[in-house]
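Take a look at the following structure, please.
For reference, chains read A, B, C and D in written order, and residue numbers begin at 1 within each chain.
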Amino acid sequence: MYAQFFHDTIAKLKSMSIKVKFFARLREQFGVSELSLAADQTHTVLQVWQHSTQQPTLGLNILTAVNMQYVAADYPVKDGDEVAFFPPVTGG
Amino acid sequence: MYAQFFHDTIAKLKSMSIKVKFFARLREQFGVSELSLAADQTHTVLQVWQHSTQQPTLGLNILTAVNMQYVAADYPVKDGDEVAFFPPVTGG
Amino acid sequence: MQIRISNSDLDPYREIQQYQAAQTHLAGKYGATTVFIGSMREMNQDDAVVKMQLEHYQGMTEQYLQGIAQRAIDKWGLLDVLIVHRVGEITPDDPIVVVAVWSAHRAAAYEANRFLMEELKSHAPFWKKETLANKQTRWVEKNTPGYSS
Amino acid sequence: MQIRISNSDLDPYREIQQYQAAQTHLAGKYGATTVFIGSMREMNQDDAVVKMQLEHYQGMTEQYLQGIAQRAIDKWGLLDVLIVHRVGEITPDDPIVVVAVWSAHRAAAYEANRFLMEELKSHAPFWKKETLANKQTRWVEKNTPGYSS
């Protein structure tokens, strides 16, 4: 019982926030590569963007990923997720 | 005048025949890789084939070249030409 | 299959040779190997470029490249795939990416290699920041087309 | 451009590296290099093959390959082309042909490389005679298709 309580609490503490990442031009523009958001403020990728950048809209050419998978702006975000925003990719 | 005569004669001697080459399976089949034909017996690639192999027809999959360029069986052959016959190519 | 992100100088041909030599399952099985090597040019969009910073999204990049390599292996029945991509600071003539594909026959090797490069260029999270001869810097935000019209 | 017929063992990656290193005009100009390497497989048409004799029409082969290399350079504006083809006796896993193309951009490099291999396979005067595991010999008289349907 006691062990279960600790297990649950640690799991909660670990996942009580959303990790937000910015890359390349966006990282420079916002002056930050990574920040944490409280999970209760956010329900979609767009809302994560709004809360973390204070910008109402997400530029059409900005790419979005949750847990390292490409997703659309209306994708639901949950506790412990890693959400990333970045400009068009130019590898190779 | 004299020099011109020698020049013409040497040119004639050098080119009084047609060089015939066989490759791969054809070389093995006819037991010869190269032979010479008198130029006056032959007018086309097909005739070169007939005279050098004693076979009346040229197999459809046999490739023919004159002076190292692909040509058709009715291509005219002249003194000094190199005529080659070979099976489908399989390089690479 | 190997996917590798390299923070230091790449020797593309040695990468391939060493990888191939270690893949004993390949010996005698592959009839076709295709290789693509992308290298840094000294000019881009009519400007002289003196250096370039290559950034990537660690974790997502590897996962993405593994995904496309596996898709290519499944789709074309490839024998093996190697992808090595450079990150960090590079100068003109430096290799940026190596994609090598081993296959029984050439059609699969050509098509899979091109598929991998198009997917990598379109979706793998890498970014390039150029430093021009006049010291200005700029983010590259578009690629050249992969298929000529 | 270099066209070479080799009667001895080929080290394909070293061939490319050495050739490229000698082409100082390439430095900083090429963004894309494509390579095709054809190698001998231990199986052909469901039979185990122990060795192979590669024959060519000396003179015509070189002339033909130079012709297609020049056509590719002209058509795609390539920076350079290297073709090396093995002749003589080889065993499984040995390289048979190397085609390398240097270009500013990748579309040209991919398309030209494939064009060169298809032309080489269809028309360059080379022939293969296989020796099977049961000691039988046979001339190969058809190639696998270059484009998958």
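Keep in mind that, in the parts below, a residue touches a chain if its C-beta (ideal position, glycine included) is under 8 Å from a C-beta of that chain, and two chains touch if they have at least 3 such contacts.
Keep in mind it's a predicted model, so treat the numbers as computed, not measured.
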Overlap of the chain A and chain D neighbour lists contains C
Rounded to the nearest Å, the gap between Cα centres of chain B and chain D is 28
Between the Cα centroids of chain B and chain C the separation in whole angstrom comes to 50
Whole-angstrom distance, CA centroid of chain C to CA centroid of chain D, is 22
Note: chain B sits from chain A at a C-alpha centroid distance in Å of 76
The positions of chain C in contact with two or more other chains are 38, 106, 117
Each of the following residues of chain B touches two or more other chains, namely 92
So the touching chain pairs work out to A-C, B-D, C-D
Counting only contacts in the complex, chain D reaches chain B at residues 38, 54-57, 59-60, 63-64, 85, 96-97, 117, 120-129, 139-143
In their shared complex, chain D is touched by residues of chain C numbered 13-14, 16-17, 27-43, 92-93, 104-111, 113-114, 117, 144-148
In the complex, the residues of chain B that touch chain D are 21, 23-25, 61, 63, 65, 68-70, 84, 86-92
